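Below: the structure, in structure tokens.
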Amino acid sequence: MNMLTEAAVEKALDHKMSNVPYKMIGKDVSVYYGEKRALFDVNLNIRENTVTALIGPSGCGKSTFLRSLNRMNDTIDGCRVTGKITLDTDDIYDPDIDVVELRARVGMVFQKPNPFPKTIYENVSYGPRIHGLAKSKADLDQIVETSLQRAGLWNEVKDRVHESGTGLSGGQQQRLCIARAVAVSPEVILMDEPCSALDPIATAKVEELIHELRENYTIVIVTHSMQQAARVSQRTAMFHLGNLVEENDTDKMFTNPDDPRTQDYIMGRFG
Amino acid sequence: MNMLTEAAVEKALDHKMSNVPYKMIGKDVSVYYGEKRALFDVNLNIRENTVTALIGPSGCGKSTFLRSLNRMNDTIDGCRVTGKITLDTDDIYDPDIDVVELRARVGMVFQKPNPFPKTIYENVSYGPRIHGLAKSKADLDQIVETSLQRAGLWNEVKDRVHESGTGLSGGQQQRLCIARAVAVSPEVILMDEPCSALDPIATAKVEELIHELRENYTIVIVTHSMQQAARVSQRTAMFHLGNLVEENDTDKMFTNPDDPRTQDYIMGRFG
Amino acid sequence: MSTSIILLCLVVIGAAAYLVARSRATALAGGRSSALHSRPAYYGAYAAIWAVLPALIVLCVWLSVSPGIIQSSVRSAFPADVKAQASVEQDLGYSMVATVARGLTMLTSDEAAAVANDPAALQAKLLEKGVPLAGQPQPYMVDAAKTLNAKSMTSRLAMTAIVFILAVSGAFYALRSIAPRFRARNRVERVMLWGLLLASSIAILTTIGIVLSMLSEAARFFAVVPAADFFFGTVWDPRFAGAGSSSFGQFGLIPLLLGTVYIGLVAMLVAVPVGLFAAIYMAEYASPKVRGVAKPLLEVLAGIPTIVYGFFALVTVGPFLRDFSAQISGLLSGSYSNFIQAQSVLTAGIVMGIMLIPYVSSLSDDIITAVPRALRDGSLGLGATRSETIKKVVLPAALPGIVGALLMTASRAIGETMIVVLAAGVAARIQINPFEPMTTVTVKIVNQLTGDLEFTSPQTLVAFALGITLFCITLCLNIYALYIVRKYREQYE
Amino acid sequence: AVARDQIQVAGSSTVLPYAKIVAESFGETFTNFKTPVVESGGTGAGLKEFCKGVGEDTIDIANASRPINKNEAEACKAAGVTDIQEVKIGYDGIVFATDASNPDVAYVPADIYKALAAQVVVDGKLVANPYKKWSEVNPKLPAVDIAAYIPGEKHGTREVFEQNVLAAGCKASGAIDVIAKEISDKAAQGKACVAVRKDGVAVDIDGDYPETLARIAANKTGVGVFGLSFYENNADKLKVASVNGIVPSTETIANGTYPVSRPLFFYVKKAHLGAVPGLKEYVNFFVSDQMIGPDGPLVEYGLVAAPDAEREAIRKDVEAGKSM
Amino acid sequence: MTDIVSPASVTVSKAPPRRDIGIKRRYAAERRFQAYGIAAITFGLVFLFILLWTVIGKGYTAFQQTAITLPIEFSEKTIDPNNKRATDPSVLIAANYPVLLRDAIVKQLNINAASRPDVRDASAMLSKSAPIQLRDMVMSDPSIIGKTVNVTVLADANVDSANKGQIDLSVDEKNRKVNDKQVGWMNELKASGALHKQFNTGLFVNGNSSRPEAAGLGVALIGSLYLMLIVLVLSLPIGVAASIYLEEFAPKNKLTDLIEVNINNLAAVPSIVYGLLGLSVFINFIGLPRSASLVGGLVLTLMTLPTIIIATRAALRAVPPSIRAAALGLGASKMQMVFHHVLPLAMPGILTGTIIGLAHALGETAPLLLIGMVAFVANAPTTPLDPSTALPVQVYMWANEAERAFVERTSGAIIVLLLFLIVMNMGAILLRRRFERRW
């Protein structure tokens, strides 16, 4: 049923996945919410300029792992991370590391669309502005426009970039959030089910965007859709009950997984 | 790529869709948000004990139409509905109609999970409680358990039904919302992308639930997943830019749609 | 029956109606509660409302109207020579009658008989019972007192009967109308809605009351002093108007208005940054423990009587600022002369600002806390620091609420008297130096109302004119603020 | 409303302490009656309530630190309060005092006039007051900055101060003649004589004497205007100034040698005498020598008792029910 | 799976060139920002501390009071010389109790009874309320007549002040309220243990008095209690109801805008104007009695309402719409939605408004001025219709008294007021903490 998209074609050309260097390395990562342990010694490495998909049943800890990659877990009271995660060569949980810089390098798109109650323009320009990425107003306009275009939203909102972002429909809001994250041009982009609120056309646009971005960025995406994972990712990691069950090349994962649980999950039901 | 689920088999046995009586009739329904018109004279009837899927690109007015079916639009300032919508024989926009009763008969699950900041138990038992559906505490416990089971959440939360519903993961929260809606046992259930935040297993559970419910209930579901629409619905309606493009048996819709736009939408991309 | 017993009975009847109606509804439903339109409790409430509300209204009306009616009928039976007196004297006579009547109910019949024809003995007897009389009651008064007692008794009996009949028939009416499809909930909620409406109408009534209670006196002021002199006058110098002197001075509003604005501004300059930063810190940075302690502590500042602040300004802050300024000017120029007066706009502003801190901090803290976490996450996820998140996302989202809090704070600053009196003095002057004394409209309202001034003179009446004017000015400011808030409001979900 | 069994008094805060003492003793002596309620709030406000009308829901007595004036009496009459009895209870002495650490001071009204008037005569011409130090006014006075804390315009004391000190000083210093030359209008002349400078040297105090005391504590060289009773209670902190060489005391004020004092009054609604229990007794009790006599508690507190004959006359008037 | 983790293949990406995103500057801003926050809180707390320090420092002595224990001979000759008390109880009321006290202190100090000034000075050391105390003793138990009993009576306020060191004894004798002889006697009595300090119960139970040593806050406490009860019972439900109506039910139109502006405006009305309103509406129009705490409560209610309404509306507005939608979608009526979900979530804000509103109302004097509550009231009120005062009124009135002993009592009264405030707010604060949550 999959049509062979451009992305899929290119992915088929990726032979030497295992030679790609690691952008982020997670070693024995465990996460606790207060007393409750949500992740158990996860060892998962993220390859550079690669799309890594995290799959697994609801509540298995995908979001939790994702959030620990840019220390968004810091903001949750009582959340504790053990183990070691590195970005390039920096230990991101090192007290010396700067979480702001980290998050500027590792951007994030959330599960629930959360546009700021500001205009569309302000939403997108927010990141560049705080990081001082634009030199001039024209520069900023340019960034906003490109980002919105990349998120496939430009045509719909170009006439009303100065209206409130919360007045958009659910799908539009999520694309706005993607545009907002992209506008900062991070090295790694974490996406927590970015398409769950999007219709197929918008989804395809985002997937295309992901594909485009992959050339320069490292992307980690949580998704519930096996097809989406298959379409966009080169590597897939499967979580279950807080454990990393398997991590593999996406092709292998969806055709011949090592772990029987993966097999069950992928073959037993489909998205 | 679709596996033939039980639901799909049964659906295949539904021959005489066109003979099923209408549960809800929408005639010339237009919706305005202030000055902005979001729906243009939509004529769409909902058949009894049938799953009707609403599809269409983001922002086309699916949610808007859905919300007008149980007058949730009333709660938006400046939102105005014209035309006529009936439930059984009652005009639901008749001033005499009791919207509370209407909403108890036409339940709703929202796009973004919105559990009450109360315990899981209180979340689910709230509806039955205000509608007096349980005679005793045991009764209520029973309803809560069944509802959570139907939403495929029981096993995950049975030990912590008295903890806060907002502490659940995104997917769990959405299933909680479904359980909450189901607990009231409405006649019609409106679902606005109920699975957009769910993983395949949970999605399958919900789809199964939808299938189960269909025997006694009428269901309208907004979805971005063509597969989901194809799997769960008997009728499908396609919206575009606020217009109803086409409404048809799902089989026909996905194989041989009447309208070229539907064709484009369905065949041009996939979910 | 005493009113409280009647009320108690009403409660009982209401409760009974509630229970009966509820069980009747349950019975009607035959166990299937879905057959009912509303929950049984709503049927109960419906019946209870019918049982209690009409009866209660009648009771209140009766209680407030009947004494007047009884009084006039008793007075109509006064002897002709008494009736010939001025009505105020009759009023006083009647109050004596009422006292005697009250006393008579305390006497046993024997005692009553013993003193029946002897007013002096009656007075002594009543005094013994703890009902002192101002003088000897006249014979007609005793008769009138007896009539009064009789009539009150009849009235009370009638009232009790009617109230009970109303309550019971109301309950029955409600019970009869119970049917499965009967929309009890909607009815009950309609009553509740009326209740809510009534509550919000109190604000309107208060306004009307305030305006009315000042209007006629303000009009009398403007009859004497030309409005233009008042509104555009730049000198405030009302001469003392006690006995003798009939001349009065100038009533220029402008210096007072400027003082109000100036002092309020300084106060806000202290309260808003401090309050907002405190709120932000408590909401965003502080641990729950720190917040749990700091917030109530700061709230204590709002509860300290303003006279305490006033003396604090007078005794501590004012002299401190004065000496401090002397030190500074000494260091700078060598001459130790203070450039800050002990009483000054600055002193009043600072001290008032301190009082206002909790108005800003506590309210804003609640509002900031209520901003959904998703918005914060969105910003933090983009690499914003916490302060950037707060400044650029959280505060704008919380803005409408914060503006509301600030408006209230400003309002409180305008309405404060005691601090200004003691910290900035009462001298009405036009000047721009914050180190000099000035005074406010409110101070003058209070002072003109509570002085030894002649109450019919413009010196006193000007208080009402000031009140109305201040009211109108703040109204305009509020309208403008509402407009601004509407314009910049950011609604989150 | 229920018949009232408690006397209600309102009015001047100067009279309040005396009325309080009387009310308290009254409650203790006449155990049948409740202790009267004595409101403070100023003579104007008290008289306003007093003149609201006759009846249960109006007050019985208004305390006043000045006599009721014509307009007020008319307003009273219009509201039906026609029968008012005026009762003088004694005199309030008004004194000038500085912090106790200062040397003794003696003023004559002319000094005070020159120090505090808005305009003074310099070289035969009216000019805005140029004086900054007391010694400039009168070389015999100390060379400290002039700073005076005088009653605000809401106080009755202010009028007394203006009449007995400023106007007198105006006349004594001869300024009145210059003013009369420059201003023809008679009323305006009077006004010019008593106008107080507004450059911050003379500070109006609208609060009570404790505020003045606090201001003097903060500015030790300042001069404040106090009631005699307040001064006597704080004699350890204050130093009183003599005026015209006379040191204020109950004696000098009673015999009239000290120039600055004023009578205190209360007004009774005669219609209430027969209606409010205890009112008659209260009035009689108030004017008895036990209270306002030279050995009474009021004098001990600081009231200047009226001379014997005057007190006798007051009592007689009360007995006779003489109304205004 | 193993091939991935095998160390041989682990090559770590090279970090791209760092962008300059102004980290240093931004962190400095962050630290500054936090420092502002801490500074703000510290600023507030420091001033609170200074205020409390000055108040408590001045006022704590008010909770102790000097008393003198004297053997008093209740001689029948003085109290009831003609032995008529059986037939005419009023002789006991009119009896000359001061003489009993005078005799007792003269005897205690061994003063020559013939020296009038000495006797007067000695008697002046006892409170003027002591005779009333003796009278009450005799009235309640006439059999005491003829006996000699040790009675502890209050010392005069000046003695009290001197005993606490508040009167500068170095000042010239003429200029202070206690003379050297009295100081000598004081020391003598202190040495013998007759003069001692005790806890000042009277401060909490007595009504107001013109004698500082006997003046208490009893009436004011009851009055404030009534006031606060009335304000709480009326303003909280009415304020919340009004806010609910305006925020959740009222159609959004010009009229509701007007009401909103109007309510904001009411917050700016000087409190004394509410006094004017109360005077003309509750006293003159409705005919409620003057000086009654009921009227005061109503006036303060009107004054507090805007505060509560504004806070409540802000809190209601802060509840996310999705919660409302969820409730409505389940078939809850709007009423149910409000009362089951929105209101509990808005509770912290509502309680804050209540706390601040009540705190304001508790400390307010000006509106009470015109309705007769700023008054001398000696008898404790039994109902809210009786004349009474309030704590801030007592503070205000005592602050204006001339006697030295009222200075510490003023501060004492403020301390009591603050305790009252804290006790009153405690409940609300605990409740608020329970309702607070983040989502």
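When the chains are written out, they are named A, B, C, D and E in that same order, and each has its own residue count from 1.
By our rule, a contact is a pair of C-beta atoms (placed from the backbone, for glycine too) under 8 Å apart; a residue touches a chain by one contact, two chains touch by 3 or more.
Listed by chain with UniProt protein names: A, B = Phosphate ABC transporter ATP-binding protein; C = Phosphate transport system permease protein; E = Phosphate transport system permease protein PstA.
Note that the structure is predicted; figures quoted are calculated from it, not measured.
With contact taken as defined at the outset, chain D and chain E are each touched by C. Here the chain-to-chain distance from chain A to chain E, counted in touching steps, is 1.
Taking the mean of all protein Cα atoms as the centre, the chain whose own Cα mean lies nearest is C.
The centroid of the Cα atoms in chain A and the matching centroid in chain C are 56 Å apart.
Per-chain Cα centroids separate chain B from chain E by 59 Å.
Each chain gets one centre point, the mean of its Cα atoms, and the points for chain A and chain B are 29 Å apart.
Taking each chain's centre as the mean of its C-alpha atoms, chain C lies 19 Å from chain E.
Shown for chain A are the residues that touch two or more other chains, namely 100-101, 104, 112, 130-131.
For chain E, the set of residues touching two or more other chains reads 21, 26-27, 320, 322, 333, 369-370, 399, 439.
Multi-chain contact residues, meaning those touching two or more other chains, occur in chain C at positions 185-186, 311, 372-373, 383, 385, 388, 449-450, 492-493. Working note: touching chain pairs come out as A-B, A-C, A-E, B-C, B-E, C-D, C-E, D-E. Interface residues of chain E facing chain C in the complex, by the touch rule stated above, are 21, 26-27, 29-30, 33-34, 36-41, 43-45, 47-48, 50-51, 54-55, 237-239, 241-246, 249-250, 257, 259-274, 276-277, 279-281, 302, 305-307, 309-311, 313-315, 317-322, 333-335, 348-349, 352-353, 355-356, 358-360, 362-366, 369-370, 391-392, 395-396, 399, 414, 417-418, 421-422, 425, 429, 433, 436, 438-439. Within the complex formed with chain E, the residues of chain D that make contact are 1-2, 4, 6, 8, 10, 13, 16-17, 19-21, 23-24, 27-28, 31, 34-35, 37-41, 45, 49, 52, 57, 59, 100, 207-210, 227, 229-230, 232-236, 297, 301-302. Chain A meets chain B in the complex at residues 1-3, 55-60, 63, 111-113, 156, 168-172, 175, 192-193, 196-204, 224-227, 265, 268-271.
Put simply, chain E touches chain A in their complex at residues 1, 3-5, 9-16, 19-23, 26-27.
The touching residues of chain B, when paired with chain C in their complex, are 98, 100-101, 112, 130-133, 135.
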